[in-house]
Each structure stands twice: as structure tokens, then as C-alpha cells.
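Given below, in the form of C-alpha cells, are the structures.
Next, two complexes with subunit A in common: one pairs it with subunit B, the other with subunit C.
Take a look at the complex of A and B:
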């Protein structure tokens, strides 16, 4: 490379710089990216930083007599039984929903993968819950779950089964929320895992046949190792989604009965937007973000390790 | 990745798409409603007043409101106001959830519009400095005889009078807790006069097999759902949510007794699933003939007495709210309208308030199904035809004798959203998880320690 030395430094000569057409292309690309970058800064980075700042203040909607309070909102929250309760409920909901979705999603994807012709039709049908507008779907669920007028209890009644009050007791309500989430989002896991199974090298499967591996052996030693990074990816996406689940809780239970389904996100909404305590609400949101970040970091590390392996 | 820069045509195409998308989105989310095509009548009734209606002609007012029967009944008359005053009115209507979430942000952002708005939480709005004091406007009203303040329910006047006597808004609706029952299912309405008799009648109706449940009550654990009807039980048992000294009184023996009674009735005679029910569900249950009674706001008469929507419209009657030891203190509610303190059109806004809350204004709104806080409006024949003569009389009786003190102390409190939410969740947990009323209310009180 031709270089010119000036006072011990090396400078790239203009003649060696990329061609002017390429420079133009780079400039244009930057120009085209600018609006998106500005939007990203304005709509994501700034609100996040502003939320962080808000969480360190006692700002309310009135905006009077408010100011910097340091970590007081956080210490108040950590001392609050309500936050601990909301954290526990969030954990229960996330773990149960994600485990069921991933197990069920894998099972259905595996079954669908075995089907050749019907595969596409069934896949289209299965993603319907995910494709429909969530709030509309949730209002549909609300009607179906009504213990006295809903279709679910009507069908259960036809076969003589007990007709529960789906959202009427603390335990039933959380179980129902998990069930609805599973119904809505298992198709998402199926789509990811179907893609993973499609990329499974056929030679490996055939080799396992030749080696005399049974169905379970093939599943354990061939299929699962191949789809494991995708499983972790599904867990990551669904885990973060469950952490910030809001619409279903708001429409179906409003956090009740009592406080039995008041998750962290519901608590943030109530504190920040219903009670207009912007500082405290922001602190709950920042905690939620921190939990999501830690979870995401761990999952990403796992994915990288799997991919390397 | 392609190395070629996009050509001009591509840039233009995407540029236009990028410009067009927000415009389309803006159109889709617009809440602007234009009112047109309504006959303007009765101008004489307003021009006869000694008020200079044209003093602000040429101004444009923005009116912020949620979807509500009052807006539905009032908006057809906006052309009349525009013709009377020369002031244009731009109506911005949102759904309740959206409105309640949006307005604090708008007002806290020091916006000068909406100039006039429906106030969802009066105490919070006053405390936050979002409302223009109206005392000087009221004192300088040019024609008090025409406005006729004596015609306004006492509870409605008390409701808007803030501590120290300042008025920051005017009531536009009146609602009181009453019991609606079906005369083909409830044989002895006289028994509904006490809580014991009401509960017994509900249970008997349920056992009769004519309906699937005895009574529809709100159970959803939010400040705008179960808190309102349950508070009437607390007040009638002699309790308060906030006592006259400004202290939380959730767990007083009287309040506990009221909540216990409410929960008992829910458990004994309400439909399964009522723990998530709010206004829509209870009125639908009554319209669909699933319950024998509905106990809630008098405004339910408009829904359950509507022959197009209700299967039981011909059988609906209203009874006074039950009493405990001879004391009946039904809960009541008045929607309030006020002027944005930062409005640049305050005089025009005041003219709107005068027009909408005057005796004549209320009468015409009542004739379209609004429920204004004036005796004359409730006695209006057109109003009684829409509302139902008998329910209107029962509600009017309740509104004229209502004690607004307990409800004002609670609902006007600046921290009512938190207080109402804690109370609602406590009541809900009594009939959903078997928690005792005392421990549920005591826990709610302790949770609010830091708030007050």
C-alpha cells in the first residue's frame, strides 16, 4: 500500500481511498439511515434515558414540588410487599407460560415436520391466533370464559364436567392467564422450531436410522442437539414477551381478583399512569427492564455457546 | 448486500411512502368529530337572557370529552351554540380508558387545549392546578334569575365546591344508586327497602328458576367499577372511606359491615363470574333477562328500559336504595365540566358552560337522554319518556335527598385513584378469595399509609 510518512504518522493517500462511486454509495446509505437513526434516538433511546431520570425523581402528573430523590423510589419499592408479590406473580406466569409453550410448540412442530402435504395448511391454521389482533382476541376470550354465559363452560356442561369460574379465584385466574398466553403464542414457537427442523441435515437422520437408533434415540441425539439454539431463542423471545405482558391482564382481569394477577407491568401501569406517580411508575419499569436485560444476556450467552458447539 | 446506490426513482418512491404513512396514520387516529346537519331551535330561550352571547364571536373552542351519554345528548345542539355565540366548537372525543390516560398527560404538559373538558378526577385536577376557578364568573353572571341555580340539585352544588368554598367546575350529570327489579319476578318490592330484604329477595328470585341469578352487581376490582356500588353500602352502614377529618376510614366497624354485606350478596345471589363485571356486563345481564335485579347507577334505566336492546323493558321498575337501621345513603355521582386553567379562550369557555348547564340547556339535553343535575330537567315529560316515568321518579327522589358528604370526601380526594383502587381490590378479594372483610380492608389501609 502506498503511504506517505509525515512526522512519524502514516496517511492514506487520496488515490488509495475507495472510488468516488463507492464513497457516494456509502454517503447515500448513511443519508438514508439518518431518519431511522433519528427516529430510533427520539423514540427509543431518549424515552429510555428519560425513564431512567424520571425514576430518580418524585415527579407526578401535577409536576409540583417534585425533584431529584436519588434512589428513594427504588428503596421504597424493594421494601414494598406489593412489588415482591408482583415480582413473584410475574415469575410464576413467565416460567409456566414459557415452559408450556416451548414443550407444546416443540411437540407440535415435530409432528408437523413429519407431515409433508398437510404441513402448509396446518401451519397456516396454527398461526391464526398469533396473526389476529390481540385485544380483539382477548375480548373474545373474555366472552368465552364467562362462567355463566361463555361457550367453554357450556361445552364442559355438555359432557358433565365441572364448570369453573375461570377468572373468579386467584389460582384459577393465573392458570387461565397462562392458558390464554399459551393459546396465543405457542404458534410462534412452532414457527421457529419448524424452521429449525427444516434445516436438520437429512444425512444425519438417515445415518441414525442406519445405526439403528429408535424414535426416542433420534430425538435425543439428533433432533434436540440441532434445535437447541432455536429452543433457547424461542425461550428468549417468549420470556421477554411474558415479562412485559400487559394487554391480556388488562382486558381479562384488570390485575384481579384482588391483586392476584397484578404482575410487574400491571403494577408499573397502575403506579405510573393510573395514579400518575410518574417517578415511582418509571422505577417499576426500570426494574422490569433490568430483569429483561439480565434474562436476555443469559439467554444470548447460552445461544452463542450452543452455536459455537 | 447490493453495492449500488438506490436510483432516484426508488428514493422518490420510498420517500413518498415514508411521508404518506404518518399522514395515513394520522387520519386513522384522528378523534376530531364535526357536528353538522342538526336543526337549530330554541334560540329565543337563550337570547331572552341578559347575557352578551356574541361577546366572543369568532373564537374557536376545543371541547375534550369521553364517549358518554351526555356528549351524545349534547352534541346535536352544538350548532345552536355556534349560531347563538358565533363561537366554533371542535369536539374531541375518546373512549373512557384512552381519555383517562391521555388527559393528565395533556394537562400536565401545560397545553392550552382543550379549553373545556370533562373532569374525570376533580380532586386531582384541582390539586394539580388544571382548572380555572369559577367563583368570579359565577359572581358576575349577568342573569342569575335566568340561569336559576336554585333548580340545581344541592348534591351537585356541594360536589363541585372545593375546600375553602371555591368552585372549579359545574356538574353536568346526576346519578344515584337505585335498585332496578323485574315486576314479573320480584313479587314484593316493598321488601327491597332493607339490605336484608333485598338479599332475601335476590336469593328467592334465583331459587325460583325464572332467572339464572338474583342480582347483577359490579365486581371488577378497579376504582371505577366495584368501588362505587360498594361505597353506597359503606355509607348506608354509617361508614366513610375518608372521614370528615381527612383520615382513611376503610376498616371502621361500619365500613367493614357494609363491605361484608356487599360481599354476602355477591356470593349468595350474583351470577358466577361477576368478579370481573363492570357496567357493560351488568346492564347486559339485565337486558338479557338473566337476573331479576340490577343495583347500580340510575342511568342504567336508559339501557335496560330501551325496547330495542332489552328483553325486559316492559317489566323494569325502580326501588329506592336499601336502608340499614332506617338509614339509606346511596352513592351518587356527578360528571363535571371545567375550564382549562391555561386556556386562551376562557370567556368563550364560560359562555359554553353557561349555555350547557343553564336551565334551558339542561332541559334540551335531558330531552335527548342526558341526565342533567336539575330538578326541572328530571321532571321534563320528554326526559321521563326516555328514562321511564317510574325510574325517573325513584332516581329524582334519591337525588333530591342524597347526602353528598361521604362521596365527596372520598371521590374528591386528590389521591382518589389510589384510594379507590385499594378499596376496590379489598372488596373484590372478600368475595373471590374468602379473605375476611376486616383483614382485607385493614391491609388496603396499610398499603395506603405512604400515599396519604
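Take a look at the complex of A and C:
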């Protein structure tokens, strides 16, 4: 393929003709990018177009009388309480999880940053929740959250605290999903912000001490302006990932009780793949894709402008 | 280096307490799974919990005899190796093409590659489910590995782009002046220097594929991977919690290895280079 095509000319003199090296470089670049281009066309463009088409049909697993139905899946969806509910749950989950993760992550990064030697070891340990196989640790959470046999309620009982039915009631279940997401992904925010803090110019901090700025003043006028782009980056990344959150929902609640934790992503999965309503499911996933793309576009533009610059 | 917000002795104590609490919170669920796997099956969910116990390997034996753990792990391994190999090969070439042989439009292409990280898997899974069903590829490691390539290719390429950016361009220039072709300059000079980045990207790709659940759940059933196997067994009476905990612990081994040895690449890959690690 790309390799053999170029190999024959490898030792040709560069000085043969002016611009020949330049031409060779351009050709090689094209060859090297070909596999990626093919892969991206097949793996991103094809599914997007096919999803769009599917969403305009009433295709199901039974499959026989499937045909073009225009925008009916979309009008059905926009009229349904189910979609509004899923939108609302997605919003609650994403906003709550991201806010807690960023605030907690900033606080912990800040505390870690001050440490001298323990820093690296502790960071390695704190990264574990996001590196660990989600299903494996979620299985652990499921065991721990059991209302009667779980260790969490046992410990809460020891100190006389209320022992909630973590996954049993609609409100508690959503709260638990947020808690587990915070457990798993706060380390991500910590890592980003640790990087940001370590590039904070020490002179600035010292100058603010000399000027007699207090703790809060320093936070507001020195630290926050410096870490702001990284905070935004953390929010964008976490926001995008929260939209797609699946593992914890599937393992812990499967969208329930009832549809109390059926976010947009879970709704797309349940209608499209669990109940094999391909047309309807595709319509939900197209909506989700649209939201994710808007987020993604903002994130990309931001990374390009502020972080890599 | 002191904390930018300063603080005295009382702040130091407060910090120690807060960090300890957070560390315990972060590690406790993982500790809980691991210790469960070493308990006798009657002790796994005992209340009050047995904090101290004589460890046994019974649960590990059960995981391999009463549940098909071996086959599941082999499937996981196959998928992860395949996905890693393909994404490394494609990502390496593309990254070099983008960085070293830069012409215009490269930035747009780079961000096309990165956008694979943004797409919700469900929007990719539905079309491919139907395609694989039609082409008899459903429930094969090939189909699943291909989906995992979509998932990791952005990160792999990103790490390789950063790696090549970090290498001195003058080396290639010198090789070209000496009469090397562009391809030889890549093969003999740049590729060997990029090996550390390649290893890091490969390890990260392996971990992400090994951990993946969504595509595996949808696209495979008989030849499924270990996370789906574990998920399917949760709630079955025939397999006890201890055996499941043992299986979960085995699944966690790559994560432990990576956190210990490849932290830098994990950080860099997951934050898309925003943090150097």
C-alpha cells in the first residue's frame, strides 16, 4: 500500500530537480493521510448520514412495512412528554454533575498543588476511578449501595444518619447517578486544573502577598483569571461526556425506576437498540448528536484559540 | 512551592484532613471490590462487614470454573489488541503527515479527527448495528474492534501529533540533505524517536478498548467481552458476588498498571493535550 508505493524512490537524490523534494513530501503526506481519511469517512460520515435517513423511516426489527415517513418521528418526539422528560433529566444530570465536579475538582487541585513530595503518588491514586473499568467499579457501587446489605447504609447507620434507598426512588436514583459520576470524573478536573496551577507564575502570587491581598482577593484576581481557560475546558469536556453517559445508568438503574433516569442517551438506546425501533431511536440519537456537535464545536474552537495558542 | 492562596499551620491541618477524606472517598469503592474477591462467599455481604478476614482464592477459582471468565478475557484481549494496532498504524501515519509535511488545511483535518471524540456512541452504534447485521459481522471481534477504533483514533492521533511536534525538525532536514527520501527520513529517523509516544498512545488505546462497555453490549452476545460478561452475570443466583468481585478485580489490572506506569499519557490523552502530564 502506501509503504511499497513510496519505497522504490527512497534513495533518490534530493538535488535531482528543484522542488522534487517538495513534491515528494506532498505526495507522501497524501498517502499517509489516506487510511485516516477512509476510516473517518466510513466511521463518521456514513453513520451520520445513515442515522439521518433512518430517522425519516419507520423501520423496526420486524422490518417488513418500513418506509419513508418524512418528519413524523420528529413531530411525534417533540409532542411527547417522554422526550421533554428525558431532556429535563439530561439537563439536571449534566449541570449538577459538572458543577460539583468542577468546584470539588478545583478545591482538591488547589490543596494538592501546595504539596511538595506526595503530589505525584497522590495524583496517581486519585486517577484510579477514571482509569478503572467502569463496569467493574459500578458493580462495586451497586453492591455498596444496596439499601439493606450495602456497606454504605451500614456505615451511615453507625453514625445515626438516615439510610436512603439509593437507587429505589426517582429522586434518590438521579442523585445517586450524579454522585457516582462525581466520584468517577472529579479526578479528570483535578488533573486539568493541577496542570493549570503549576503554570501559574509564582511572581504574581508573591506580588499579591506584598500588596496585602487577602485569600479571597488572591483567588479572584490572581488564581481564577489564570485558570479560567482550563476551567472552561473542563466544563466543556465534562459536559460533552455527561451527554453521552451510559455505563453507570445501564449498570445501576437501567433508566429506572420507571423512567426516572432515562436521559436522552438512555432514551435513544432504549428505543433504538433495546426495543429495536430503529427509526424512532435514530431520531432521538440525531437530536443528541446535534446537541453534542454544538458543544463539540464550541470546545474545539476554544481549544484552538485559548489552550493551544 | 506553597499554595497560591497561602495559609498557616491551621490551613495545613485542614488540607491534610480534606485530602485524606477525598482520597478515602476515591479509593474506597475500588478497595471494596478487591477485598470482596478475597473473601469466602458467605462473608461477601455480611453485615456488619468483616473488615479483617483470612484471604482465600476460592472466588477466583469460581470465576474461571463457574463463569467463562477465560473466554471473556480472551475476547477482550483480542478486541483491544486489534483496535490498538489499527488505530496506532492509521494514527501514526496521519499524525506524521499532518505535522511534518504540513501544508494548509491541516488544522481543519486535525479537528475532523478530534471530532470523533465528541460524537455520542449511540449515533454511531445504530447504523453500524444494522450494517453488521446485514453483513453477518454482528457478534464478531472484528466488528467490535472497528467500533473501538472510532472511539480511540482521536486520542491516538492527538498524542502522535504532539509527539512529532516535540521532535527536532532539523534531524529530518539533515537526513534529506544527505540524500534520504522523505519516507526513509520517517522510517529511519523520526519513527524510532517517536516510539515513547507510540507506546503511550498504544497503552491508552488498549485501556479504553478494554474498559469499553456500550458497543460491546450492543454488537456482541456470544463472543462478548469481559465487561459485558460481568454485567450479564450481575443478578444471577448461580454466580456469587465473590466470584463477580474476583472477575471485576482482574478487569481492573490494566488500569492499575497504567496508573502506576503510564500516568503521563493517560493525563495527556484524556485531556487532549491540554495538560502535559
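The criterion applied here is as follows: the second predicted complex is superposed on the first by the 275 of 309 C-alpha atoms of A that agree within 3 Å, B and C clash if a C-alpha of one lies under 4 Å from a C-alpha of the other, contacts with A are read in each partner's own complex, and residues count from 1 in each chain.
Heads up, the rule we're going with is that a residue touches a chain if its C-beta (ideal position, glycine included) is under 8 Å from a C-beta of that chain, and two chains touch if they have at least 3 such contacts.
Please read these numbers as outputs of a predicted model, since none were measured by experiment.
Between subunit B and subunit C, the partner in contact with more residues of subunit A is C.
Touch criterion not met for A:86: it reaches neither subunit B nor subunit C. By the touch criterion defined above, A:248 lies against neither subunit B nor subunit C after alignment on the C-alpha atoms of chain A. When the shared chain is aligned, subunit C comes close enough to touch A:125, but subunit B does not. When the two complexes are overlaid on their common chain A, residue A:273 makes contact with subunit B and with subunit C alike. In the superposition on chain A, contact of A:260 is made with subunit B only, not with subunit C.
Once chain A of one complex is fitted onto chain A of the other, the partner contacts of A:141 are limited to subunit C, with no touch recorded for subunit B.
Legend: residue contacts after superposition of the two complexes on their common chain; A:56 is shown touching neither subunit B nor subunit C.
In the superposition on chain A, A:28 makes contact with both subunit B and subunit C.
In the superposition on chain A, contact is made by A:165 with subunit B only, not with subunit C.
Residues 24-25, 28-29, 32, 35, 142, 146, 148-149, 273 of subunit A lie at the contact with subunit B in one complex and at the contact with subunit C in the other.
Contact residues on subunit C toward subunit A in their complex (touch as defined above): 1-7, 15, 18-19, 22-23, 25-27, 29-30, 32-33, 36, 45, 47-49, 89-91, 93-94, 96-98, 101, 103, 107, 109, 111-131, 146, 149-150, 153, 157, 176-177, 179-184, 186, 207, 210-211, 213-214, 217-218, 227-228, 230-231, 234, 241, 244-245, 247-249, 251-252, 254-256, 258-260, 263, 266-267, 270-277. Contact residues of subunit A toward subunit C in the complex are 2-3, 6-7, 9-14, 21, 24-26, 28-33, 35-36, 39-40, 43-44, 46-48, 50-51, 54, 107-108, 110-116, 122-137, 139-144, 146, 148-149, 151, 154, 183, 186-188, 191-192, 194-197, 200, 202, 205, 209, 215, 218-219, 222-223, 230, 233, 237, 240, 243-244, 246-247, 250-251, 265, 268-269, 272-273, 278, 281-282, 285-286, 288-289, 292-293, 295-296, 299-300, 303-304, 307-308. Per the touch definition, subunit B reaches subunit A in the complex via residues 3-6, 11, 18, 101, 104-105, 107-108, 124, 127-129, 212-213, 220-222, 225, 271-276, 290, 415, 417-418, 421, 425-426, 428-429, 432-433, 435, 440, 447, 450.
Partner subunit B is touched in their complex by these residues of subunit A: 22, 24-25, 28-29, 32, 35, 61-64, 76, 82, 142, 145-150, 163, 165-170, 252-260, 270, 273-276.
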